[in-house]
Each structure stands twice: as structure tokens, then as C-alpha cells.
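Take a look at these structures.
You will see chain A twice below: alongside chain B first, and alongside chain C after that.
Then we have the complex of A and B:
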């Protein structure tokens, strides 16, 4: 039995809507198109792409809510179609937004309800509910009807619901959508702890800093197909996006300015000269390599006095946007 | 405790929370069927005074027995219609996003819909049921052949009602355009099942349609067992028909759920509303 979630040539094409009269509409393009990837246990794996890339469709196929058109997906060797019921015991899905909980039940009742549906052992269910309420910071609101919860509180309850069956694999589809920054930070810590404890996590998020922080490995999809994969650092490096080095001088230094222009010409870097808010001369270099060292050396050798240096490496967000633009 | 029983308990809590938003609801559970009963009684009363009515329907000459006949009809209708309402409400789970959360769980789908129907039934019908039995006992209109016929009558009402509710749930759960069923199953259910009139007064084609609804036969057993002193032997045919109808409804529910879930997985319609 292969461990982890293994996806092989997974394809999903939604059938065109049926019409009572008139011609049947042509089948739309696949939402997921021959996707192959692996989500190991004990790590957070990212699934990135722009809107409509097929992230949610992929996650819903893994959650057994959608049936693949072709290809396969297994969870610890169990097929998501053939062994759906057993797969559902091992996984759970947390989606962004505050849906998936009942407004006319209290937070505690919601967790009890889903605990019953997951057949969580009675001996542990009440303890588990207490732990989860504590984890998401809803212990004090446990007896309040969910319809009186704020949006963030509902989302936190959704997160607790997604953990009620102690899933071996957690599918997170924009889990921090609409959450306050401190709560989102706490959730990231929870996800990191879960992964450290052996849970396999698949994460989609528009907050790419979150992905960079949590994910050991990232898959980038576009129009349902895999376009890149690797660690966040590898993906960023692979796009050859420019590092930006911003250097501020204490006083005008014409020799230093000439030397910087020569360096930029030699390296093939983009260069700008302007002044900062205090009127001090400032030079900005953009190049795929980090030229901060060469730039500072050049300025100092040319007699310039440096007030400040700031290096901005390309982010994962820059890399994803660059891939999408291709 | 079996997983299915735990689903039943969970659904019972959910139904309780959904239905009992305020204490007035408890009051309305009694008022609604009683008003319905009163409306029916006073609608029928002028008809009973028509020349020759007593020859065709002897009950019209005995107001207390006529009221008991109609009360039995209202009781059974309350049971069955509460399940139509419950199924309609269940279809709103798609809108609220909780239907996906339900289908994410490994819980048996059949257990879910049966539990939902049973939960609604207990929540909606217990008060009027208790009232109707107490009223019938107090007015002396109960005429039971054997005490064993009480559980037979209860079972003849409960089992087909739950099967009916489960079937409706399975239909409405997967359909976005299910409101028409609500309309279709309200007044026609009254009419074809003989809730307000004896079946012999209805045209043959209506009787034929009525046989397809378990309420018709449930009502025949209820009235026969509790008001006409009939035993299992006299009601054997109706009980067999009810058993067959209930089994068919449960089987149809299981098939509908399987086909419906497969279709929803194919089209992604669980998230559409």
C-alpha cells in the first residue's frame, strides 16, 4: 500500500448543462487536465494557481465530492472512487468562508453533530470537542448559537469541524480567507504542528506568504495542468526574476554614480537614480542575481558613503504571476 | 452504539434546533392540526345534511364518530406532511453549504435521510398525536379489537411515514428545483389519500393514484384499528400492502441516493444552488 495521496493523470471535465430543447452544448475544457502529483504524510504541500486553475476541483476530487473523469487518486492506497467511504474516514476538508456549519446549533453542538457522523468514539468525542474549541479559541463561545458568531468565529468553527475526525490528511482550500491576522497566524501554527505530528496537508491559498512559510513543496497548476513544481525557493529561483537592490548615499557622489552605471552596463542590470524622502541620492538595481555585494563594493571604492542598503529578492508571488503571464 | 444510530441521534438534535427556534413553535404544533381539523369538520358539516348523505356514508349521522374519522385523517396527514416539510428544509442544506459537509463524512446516506425524516416526525407530530389519542379516548370514540392493535396502528403510521420521508429527502436533496414537489404533495395528498372523505366517495382513478401513496393505506389501517375495531386478520391485506410499499420506498431511496450522489459527483451540483 503506497503511503500518502498519489494522483496520477487525474482529469475532470464537467458535463455541459443539459438542454430540453436545442443542441447540446459542447463539452467545456477540462477543469483538471492529466494532473499527477504526490502529497506525502507529515508535510504541508502547496497547490497554487490563479482563479480557475483547477485547485478546488482537484481538492474536491480528493475529498470524494467529485468523481474524476479519468486518471486515479489514492489515499494511502485507497481509491477515492472505489473506496470512498474509507477515504472519507482518513481525510477532511476545510474551505474558506464560514459555510459548512449549522447556524441554529451552538459551536459545541456542531462539533458533536459532526463527531457523531464521523463515528468518533464516544469516549474521546467530548474531550476532542473541548480540545478543538480551545485550539480555535472558541471555548467561551461554545454554548452560543452559531448565528450569533462573527464571520471569523464561524470560520474558526469550520476549522474545528475539519479536525473533528483527527484526519490523516487535511485538505485546506483557502483556510484563512476572511480571518483576522492573529487568528490566521495561529491557524498556520496549527497546520505546522499537525504536519509535524504526521498529518499530510494539501494547502491552496491566495496568501502566498502563507504558502512560502508552510509548504515544503509546491505544485503550480494552470488550466488544470501542472506547470511547475519544487520548493518555494526553487520555484522562485527558476523564474529568473530580478532581485531589487536599493542603495542610499549620505551625500551626492558623482564618481560613485558613474561607477554604478558602469557596473549596471557590465552586468546587464536595470538601473535608476533618484532621491529618497530626505533628498539623499538613491540608486536602484534590478538583476536576476543579487548584486548587493558588488554594488556596495563599487560605491565604497568610488568614494561614496552608504546610508542604507535594502535587498528585495523575488517572492513566490512574483514567480506565480510570472508563470501565469507566460 | 451503531454508527447509524449515532446518525439518528445527531439528526434528531439538528431537527430539534431547526424547528424549535421559539417556544411558540410548540404551541403551533398543536394549533395547526387542530385548526386544520376544525376547518375540515365545518367544511364537511353542510354536506352531511344533504338528502341521502347518511345512506351513502352512515358516519355523517354521528358527529362524534365523524370528528374521530377526520381527526385520524388529520393525524396521519400531519405525520406525512411534516416529512414533506422536512425534506423541503433538507434541500436548503445545499444553499447553506452544509450538504457538502454531510457528503464529506463517511456516514451512511440512507441512515442520514431516514434519520432526518424520523427526527422531523417526532418533533412535529408528537404533540398532536398525543392530543388526538387523548381526545379520542375521552370522547369514547376509540373502538379497538385488542390492545395489541395499538402498536400495530402506531407502526402502520410510523414505518411508512419514515419511508416516505426518506424517499422525499433523497429526491429533494439532489434537485435544485424541488419547490414544485412541495406544492404537488400538499393538497393532492389530502385529496387522494382520503384524509377528508372516505375512499369510496372518490372516483376510481383518484383511488388508483391514492394507492401509490402510503398515507392512503396507513390511514385505512389507523381508522380500521382504532375506530372500527378491526383486527390483524381484517387488516392483513392493507398491512401487507403497507409493508410492500415501505420496503419499495426504502429500496427506491437507496437507489436514488446512489444515483443522485454519483450524478452530483459527476456534475459538481452539490455546490450549486
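Then we have the complex of A and C:
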């Protein structure tokens, strides 16, 4: 039995919309197109792509909510179609937005009911509800009807619902959507802890800093197909996007300026000179490699006095946008 | 029943907190009006007598009793359908359908839980309507208790069975009103709630027999108006329950694809 979530040549094509009159429309392009990837236990794996890339469709197939058109997906060797019920015991899904919980029940009642649906033993459930309410900061609001909750509180309850069955694999589809920054930060800490405790997490998020912070490995999909994969650092490096080095001098230094221009010409870097808000000379260098070391050495050797150096490496967001632009 | 009883409790909690008074008033008013108008027509137009045709087709001269049992059964059927068939589309509208479908719980016990809660609520509502009928002078003969119990149980199975494929249609097309009202009109016309189905043209009469409520209603009237025993109404009980189970089986087969269609469409119904 292969551990983890294993997806092989997974494809999902939705039928064309029905028309009452006229010809049936041609079948649209696959929402997921031959996707193969692995989500291991005990790590957070990212699934990135622009809107319409097929992330949510993939997650819904893994959650057994949709059936693949072809290909396969297994959870610890269990097929998501054939063994759907057993797969559901091992996974859970938390989607962004405040829905997925009952408005006319209290937070505690919601968790009790979902615990029953997952057949969590009574003694365990009582303890687990308390732990989860504490985890998402809703202990004081446990007896309040959800319809009186704020959007963030509902989303937090939805997160608790997603953990009620202690899933071995957690599918997170934009989990921090609409959450206040402190709550989102707490959720990231929870996700990191879950992964450290052995839970396999698949995360999609538009907040790429979140993905960069949490994910050991990231898959990038476009129009349903895998276009890149690797660690966030590998993906960023693979796009050869420029590092930006911004160096501010204490005083004008013509020799240093000439030396920097020579360095830029030699390395093939973009360079421009201006002044900062205090009127001090500033040089900016952009190159796929980090030239901060060479730049500072060059300036010092040419007699320049450095006030400040700032290096901005390319981010995962830059990398994803670059891939999308191709 | 690991899912049925919690679902029943959940629905009780929600119903107590937000009882749908408009549904209650609408349904009870329909039953009350049906019995009230029948009372007026029977005394003001019929002069307290039924025609020979009604006597032959309906098998009774107790027109008010006939209509009262029919109106109570119609009310029972519509209320049960409204609860059970609309359970999943209500989940879809409130955004909880996917969290339901994610869980390993089976759909049948979930719907049974909804049905159990609906049954208790509906029985109380039907009692209100029957109290009105008694208040205006309708006198129902004492039924055979066991036969009545069996008839109510068979009618419950029938209504539950019909509700499940209806639920699948509702979540599949994302619409409830046209679907439910089509069934209600069909039931009211074909099943013999207020007039004997024998008065209908043959094709419609046979169409009515395909709905389990027609035989269920015959069993209910046999138990209440004619004081028949279980043995006497057994063929209708079996037909009613059998058809109900057949509708249920068909509905459960349809539910899976319908749920996936609902998930694919996403959003509110």
C-alpha cells in the first residue's frame, strides 16, 4: 500500500452546459489534464496556479466530492472512487469563506454533529470539541448561535470542523481567505504543527507568502496541467528572476559610481543611479544572481562609504507570475 | 443509527429555534379549508347526502369522513415531502452540503433522521387540522388501532420513498418549487385525497396507482372509515410499502450522481 496521496494522470472534463434548443455545445477543455503528483504524510505541499487552473477541481476529486474522468487518485492506497467512504475517514477539507457550518446551531453543537457524522467515539468527541474550540479561539463563543458569529469566527469554526475527525490528510483550499491577520497567522502555526505531527497537508492559497512559509514542496498547475514543481526556493531560482540590490552611499563618490557601472557591464546587470529621500546617492543593481557581495566590495575598494544595503530576492509570487506570463 | 438520531436531534434544535410558521399556517390552512369547504358543500349543496356514484366509487356515505382522512393524508404527505425532499437542497443553499458529503456517513440514515423529525412535527400539525374537523362536527369512527398504525407506517414509508428521488432531482437541477409543486399537483389529482380515483379516466387512474400514496390512502380509509383489520388492508399495505421501497431504491441510486452535479455546479441552488 503506497503511503500518501498519489495522483496519476488525473483528468477531469466537465460536460458542456445543456441547451434546451439548438446543438449541444462542444465539450470544454479539461479542468484537470493528466495531473500526476504526490502529497506525502507529515509535510505541507502547495498546489498553485492562477484562477481557473484546476486547483479546486483537483481538491474536490481528492475529497471524493467529484469523480475523475480518467486517471486515478489514492489515499494511502485507497482509491478515491472505489473506496470513497474509507477515504473520507482519512481526509478532511477546509475551504475559504464562512460557510460549511450550520448557522442555527451553536459552535459546540456544530462540532458535536459533525463528530457524529464521522463516528467519533463519544468520550473522544467531548474532549476533542473542547480542544478544537480552544485551538480556534472560540471557547467563549461555543454556546452562541453561528448566525451571530462574525465572518472570521465562522471561518474559524469551519477550520475546527475540518479537524474534528483528526484527519491523516488535510486539504486546504484558500483556508485563510477573509481571516484577520492574527488568526491567519495562528492558523499557519496550526498547519505547521499538524504537519510536524504527521498530517499530510495540501494547500492552495492566493497568499503566496503563506505558501512560501509553509510548503516544503510546491506544484504549479496551469489549465489543469503540471507546469513546474519543486521547493519554493527551487521554483524561484528556476525562473531566473533578478535579485535587486539597492546600495545607498553616505556621500557622492564618483570613483565608486564608475566602478559599479563597470561591474554591471561585466556581469550583464541592469543598473541605475538616483538619490534616496535624504538626497544620498543610491545605486540599484538587478541580476539573476545575488550581486550584493560583489557590489559592496567594489564600492568599498573604490573609496565609497556605504550607508545601507538592501537585497530583495525574487519571491514565489514573482516566479508564479513569470510562469503565468509565459 | 449513528447518523439518523444526531440528524433528528439537529433538526429538532433548528426547528425549535426557527419554526417555519409560514409553512405551518399554509399547510394547516389548506387542510382546514379543504375540510371546511367540503362541510359547506356537503350540507349546503348536497343536502347532507352523497350521490349513488360517490357511494359506489368511494365505498362510503360518510363524505366528510372521507374528505377529512384524505385532507389529513395530503397534509401529512406534503409536509413530509417538504422536509425530507428539501433537506439536501436546503443544505446546498445554506452552504453545508459539501461538508455533509465529505463525511463518511451514509445518506439513507441521514434522510431517515430528517424523516423522523419531520414525522413527529407533521403528526402534531395533522392533529391540529383533525381537531378543527372535529370542532365543526366531523365524526370519525374509532379505527382498528393496529390497522391504523400499519397504514400510517406504510404511508410514512411511501412518502419517504417518494421524497428521496425528488431530493435527487432538486439538488441536480438546483430548483425546489417547480419540482415539489408538480408532485403535489399530481398527488392531489391522482391519489384520491378528496374524491375517489375511480372517477378519473383509466390512464390517470393507473398513473395514480404508480404513486404509493394511492394504495396508502385506501389502507388509511379502510382502517379509519371502515374499521378494517390489518388482514383486510394487507394488499394495499404491501403495495404502498413496496412502491415506497422501490422509489427509495431508485432515489438512492440517483442521489450520488445528483450530489456530484450539485458540487460541480457549486454555489447556492
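Of note:
As a working rule, the second predicted complex is superposed on the first by the 326 of 326 C-alpha atoms of A that agree within 3 Å, B and C clash if a C-alpha of one lies under 4 Å from a C-alpha of the other, contacts with A are read in each partner's own complex, and residues count from 1 in each chain.
Simple rule for what comes next: a contact is a pair of C-beta atoms (placed from the backbone, for glycine too) under 8 Å apart; a residue touches a chain by one contact, two chains touch by 3 or more.
What you see is a predicted model, and the numbers here were worked out from it, not measured in a lab.
Taken together through their common chain A, the two structures put chain B and chain C in a clash. Applying the stated contact rule after C-alpha superposition, one finds that A:245 touches neither chain B nor chain C. With both structures placed on the common chain, the touch criterion links A:226 to neither chain B nor chain C. In the superposition on chain A, A:114 makes contact with both chain B and chain C. Applying the stated contact rule after C-alpha superposition, one finds that A:122 touches chain B and leaves chain C untouched.
In the superposition on chain A, contact is made by A:85 with both chain B and chain C. Within chain A, the residues touched by chain B in the first complex and by chain C in the second are 14, 60, 63-67, 85-86, 88-89, 92-93, 97, 99-105, 109, 112-114, 116-119, 161, 165. Across the complex, chain A meets chain B through its residues 14-15, 57, 60, 63-67, 85-86, 88-89, 92-93, 97, 99-105, 109, 112-114, 116-119, 122, 161, 165. The touching residues of chain C, counted against chain A in their complex, run 2-3, 6-7, 10, 13-14, 17-18, 94-96, 98-106, 260, 263-264.
Within the complex formed with chain C, the residues of chain A that make contact are 14, 60, 63-67, 85-86, 88-89, 91-93, 95, 97, 99-105, 109, 112-114, 116-119, 145, 158, 161, 165. Residues 1, 3, 6-7, 9-10, 13-14, 17-18, 21, 96-98, 100-107, 112, 262, 265-268, 270 of chain B are the ones that touch chain A when the two sit in their complex.
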